[in-house]
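The same subunit A turns up in both complexes below, where it pairs with subunit B and then with subunit C.
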Partner chain A sequence: MSQIFDIVVIGAGPAGANAALTAAWAGCRVAMVDEQRKPGGQVWRAKNPVVLEAPTTPESRSGDALRQEVACSTVLTFAQSRVWQIESAASGWEIYVLKEGKVVTLVAKALILATGAREYVQPVPGWTTPGVIGLAGATAMFKQDLALPGQRTVVSGTGPLVFFVASEIRRLGGEVAAVVTPNSKREWLRAFPAMVRRPDLLVRGALWVADLYLAGVPIYWRHAVAEIDGETDVSGVTIRRLTRDWAPDGEPEFLGADSLCLGNGLTPAAEAAQLAGLELRYRADLGGWCPEVDASGETEREGLFLCGDGAGIRGAAAAEIHGKLTGETASAYVRGVAPGENHLLQQAYQRAARFGMAMTALSVPRKGLQTLMCADTVVCRCESLTRSDIVAEINAGAQSTLSVKSGLRAGMGPCGGKFCQGTISQLIAQAKGGEVSDVPPPTARPPLRPIPVAALAGDFEYDDLPIPKPAPL
Partner chain B sequence: MIRLVPNHAARVQRARSVTFTFDDEAISGFVGETVATALQRGGHRLLRHAPEDGGARGAFCCMGLCQECLVQVGGRPVESCRLLVSADLTVTSLKRGAQSQ
Partner chain C sequence: MTIVYDIAVVGGGIMGCAAALEMAAGGMRPIVLEQSDIGQGASGVNAGTLSLQIKRVKLMPYALKGHHAWARMGAAVGFKKTGGFTLAFTEREAELLTERQTLKAKAGAPIEFVSTKRLRNVEPNLAQKVVAASYCAEDGYANSSLTGQYFRGRLCDEAIEYQERCQILAIDRGASYQLTTSRGVIYAKRLLLAAGAWIKTAAALLDVHLPVDARINTVSVTERMPALISSVIGHATGLLTMKQKANGTVLVGGGWQGRGRPQEGRGQVMASSVMPNIALAQFAMPGLSKARILRSWTGFEANVPDFYPLAGALPGFDDAFVLGCVRGGYTIGPYIGQLMGDFILGREPELPLFDPGRDFDEDML
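Coming up: the complex of A and B.
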């Protein structure tokens, strides 16, 4: 059964929810689809029902305000719902959603994609060990369950997220064994001019770092985790100093810990945009492969709009404003009028984007990190394919991520390639002697998320199957 | 010691504690938290073995993308990072040798 709307928004983070609200306030009939129980996205993720009472944080306050606005609006939210296919139709767009085990089809004149980001985690020996989680994953645990990743945690990664995670572990009563970051202090100093534009965030970040110093938590600048110890549980990590290109060159040093949070920057989640027919181009300054979108959220396809980190990593503050601008553009499109120019909002967006892009510049992994992998390091977690498996396929002639995918199934497993394609692109670029910007990700294919066959097949009995008569011999 | 980041652990109030079953073992968790969180607190990091090489795997992305934390409830695969704890929940792992329901 299909339901008809003016606008369907995919994603209910700062970008998507603000786009939906803006369009609804302009009088459009809006549906918003999101995987989580409540709006907020990853950055403003809502608490699970387990938390009855807890001190608020800037993220929880922003999220609660947003959820309140959505609840009071006419936006129809499809929560705990997953989009698995997008098709363009004569009347606009058809969006296939899996909700409570059933497929629902939404039809809309305009589609706004606000699919956000996901984390790039550099494979290193032992990164599949239980007890190693993503930095972004750790923030999900903090925000929804106010839970800790372990008793004593090493926090490792790039950009500001590593300090946020370390600080949250301390706030929730855990112990940070060490902070390990490929960034140098000098790189942070260079980002200072861009950070001054957001003194609130600058002060918050400075407090996180000062608190770690006061608590005697070692911070290893220009270091990376080179190996994780433990068979079925983390028992410690080995760290090494890095070169300017982030290749390991120092003596290994062992840190005892029962858990590791590991992440190397965010990258736009662009599969939905690819499915909707948008081309991706490589923008290192925006976190990797992303579709071409302007500040108003317009794309090269009619009736298709895109906002937030899915258009390039500019951060939550920029995503919120981009969502509002995109909501205005999309609702003008639906009403058949020319979109108004909102100069103040445009300027605010550019300011917020500059801050976010300075953080992205710190977070983007450099080439040398790849050399942390050994031949037998797992690259594709779903199919347990190692670096040597991938390299052998490349040497046998696979020159694109698509050919590695069809040759080895790297990217055909349950995660759909979300955690291996970045590394595979880099391995191909390395083998060709080229740049990662020459190796695009594979074509996006439905389903965007795993979907049970029963939901696709619908309800029928065996007797309902049409069985043709056997052909005459 | 001066703390610039206060310890809020004592100020968090959680829903009541219940037990649920994980591979025939009783695990305690708080109602309405994710099963992945309860399992990790109870010392169960290993949730399954990878189908190809039998490698040990547990929760990784914690947001429903990677599928590493898959467990089974009622014979169906569910992401334990998105499944909430309730009393009488029966969870089976995808570990090698675990009894499928």
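Coming up: the complex of A and C.
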């Protein structure tokens, strides 16, 4: 059975939820599908009910306000629901959703993709040791459960997230052994002109760093974690100083810790856009491969709109505004009218986007970082493939991510290549002496997330099988 | 100095590569031109089923030879001779099974009808609802995703040149063929068009119209599962193929149709095909219900109206050839590629080829 809407929005983060609200206020029938229990996305993730009494944060306040607005709106939210297939149809779009173990089909004239970002973690020796988590993954633990990654944590990675995670660990009572970041202080200074356009965000970041300085937490600028020590859990990390290209060149230094938060920037989650028929192009300034989208959320495909970090990493502040703009564009499309020009909102978007892109520029890993990998460093976790496995396949002639996937199954496991393809692209580019922009990701295929056979089968009746014309004898 | 190759093979799938290998062994200097990656079209995305029970009666001698070719390639292509069962769940399907498999057995396939008791002994995890089954000990599978890796390796071993991501933009005929490609101009004395579903487009560059159409077959794979089946499973209607690979994943096919055209990319999966396909797989093997599907994809299977191969000289040409549209092309591909190579080398092929200039409305065999 399918349910019919004017607009389906995929993703309920700042972009998706604001797009859904804006379109609903304009009179459209809107469905919003999200994997989480509550709207808010990763950045404004809702607290687990058992920790509702915990002090509020800017993220929890923004998220609560948004959840309140969604609750009071006509937006129909499909929570804890996963989109696994997107098809264009004569009437618009068909969205196949897994909800409570069953497939639900949503039909809409317009589709808004607000699928957000995922974290890129540069593999280093020992990165799969229990006790190592992503920076973004750590923020989810803080926001939802107030949980800490360990007693004494090294926080390592690029961009602003490393400082946010370190200061949150301290706020929640944990100990930060050190902050390790490939960025230099000078790089941060260079980002300053873009940052002053959003003084509110600038001040917040400055407070995180000030807190770390006051607490005497060592900050290792232009350093990276080169190796994680420990067999079954983390006992410490080895850090090294980096060159301008972020290749390790300094003497190893050991830091004792029982946990590590590690991340190297965000990259657009673009598989849904690919499945909906959009081409991706490489934009280092936007975090990697992303579809072409304008500030109003319009794409090259009719009835398909996109907003937020899934259109390029510009951060939550920009995503929120991009969502509103896209909600207006999509609702105008549904009503068959020309979208109004909202200059104030457009200007606010540009300011926020400029800030976000400055942060992305700081976060995007440089080429040298991949030389932290050793031959036996795991690259594809699903299939336990090491760098030397991948490099051997490339040297045997596999010159595309598609070929490496076919030959080795890198990308055929449960994660669908979401975590290994970035590294594999880099390794191919390196072997060819080319750029990552010449090595696109493999074809996107359904399901976007693993889907149980029982859900696909549904209430199958054998007699309903269409009887085909027999194959020629 | 400009290189003039003895032959340019357009299409780096199983058939193009097998023909190039045969021709190189016969002393020619071929070059293989592939628009994407070697072995990434139908050759690399089909379900890998090697079953005589789903081959055409008149192609059975070719299919038997094909099985032997895959067996020789062995572990490098993930070849496994497991034996295969074809299942009927209704009386009507049982009749269809008897009629069709009897003809295939007469054509030389070692197919026998087996009791449901024997089926249950071999495959206890199959549904109890089977009313009739046939068995072929020759059946098995190979891992089609290894096609590219394997043939790329073979081309390198034999020092055969190939170009990937090489699109043919124009073909001009002078003293030799001049192929304008996205990777530069290539000269060759002869041409072999072995571009699968793109044969029509390639032939059109020579102003030859071939009535080639494409089916858009869907395949799905599960995550790794505990051992459920050891044989290749088929269905009397052809709507299901199923096998569990050595790594535990279960591959489900059956010719369910996606959409799209070869000229517009790789084709699209349709939920309306995947869902009943997977439902039928679960019906045949209830234990599959616990698995998760990780990926579904499509591949283009080219055909002409009589569903027999194109294998011979391109109509109106004596130095341009075409090879494709083989029903059961994965199974037969390595063998018919070799036959084609022999033909171009001026040798008598071991089995007859299929004239691309025939009247497709007549049954020519």
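Everything below uses one rule, namely that the second predicted complex is superposed on the first by the 458 of 473 C-alpha atoms of A that agree within 3 Å, B and C clash if a C-alpha of one lies under 4 Å from a C-alpha of the other, contacts with A are read in each partner's own complex, and residues count from 1 in each chain.
By definition in this document, a residue touches a chain if its C-beta (ideal position, glycine included) is under 8 Å from a C-beta of that chain, and two chains touch if they have at least 3 such contacts.
For clarity, every value in this text was computed on a predicted model and none was experimentally measured.
Chemist: So, A:P472: does it touch subunit B (first), subunit C (second), both, or neither?
Modeler: After superposing on A, A:P472 lies in contact with subunit C but is clear of subunit B.
Chemist: Based on the superposed arrangement, let me know which partner A:R118 touches: subunit B (first), subunit C (second), both, or neither?
Modeler: first
Chemist: Tell me which touches more residues of subunit A here: subunit C or subunit B.
Modeler: B
Chemist: Just subunit B (first), just subunit C (second), both, or neither: which does A:P452 touch?
Modeler: both
Chemist: Which partner chains sit in contact with A:R354 here, subunit B, subunit C, both or neither? Use first/second/both/neither.
Modeler: Touch partners of A:R354: none, neither subunit B nor subunit C.
Chemist: For A:R301 in the superposed arrangement: first (subunit B), second (subunit C), both or neither?
Modeler: A:R301 sits against neither subunit B nor subunit C.
Chemist: Kindly classify A:K99 by the partners it touches after superposition: subunit B alone (first), subunit C alone (second), both, or neither?
Modeler: In the superposed model, A:K99 contacts neither subunit B nor subunit C.
Chemist: Please work out whether A:F419 is in contact with subunit B alone, subunit C alone, both, or neither, and reply first, second, both or neither.
Modeler: first
Chemist: Looking at subunit A, which of its residues have contacts with both subunit B and subunit C?
Modeler: Common to the two interfaces on subunit A: residues 413-414, 450, 452.
Chemist: Of all residues in subunit A, which touch subunit C in the complex?
Modeler: My answer: residues 85, 87, 94, 96, 103, 105, 393, 396-400, 402-403, 405-407, 409, 412-414, 416, 443, 445-447, 450-454, 456-458, 460, 462, 464-468, 470-473.
Chemist: Given the complex with subunit A, which residues does subunit C contribute to the contact?
Modeler: Listed in rising order, the residues of subunit C that touch subunit A are 36-40, 44, 54, 56-57, 89, 96, 100, 103, 145-149, 152-153, 156, 164-165, 221-223, 237-239, 247, 255, 266, 268-271, 274-276, 278-283, 288-297, 307, 327.
Chemist: Provide the residue numbers of subunit B that touch subunit A in the complex, in ascending order.
Modeler: It comes out as residues 1-15, 30-34, 37, 40-41, 45-47, 50-53, 55-68, 70, 76, 81, 84-85.
Chemist: Along subunit A, where are the residues that touch subunit B in the complex?
Modeler: Interface residues on subunit A, with respect to subunit B: 35, 42, 48-55, 118-119, 128-134, 136-138, 140-141, 144-147, 149-150, 167, 170-173, 207-208, 210-211, 214-215, 231-234, 378, 381-385, 413-415, 418-419, 449-450, 452.
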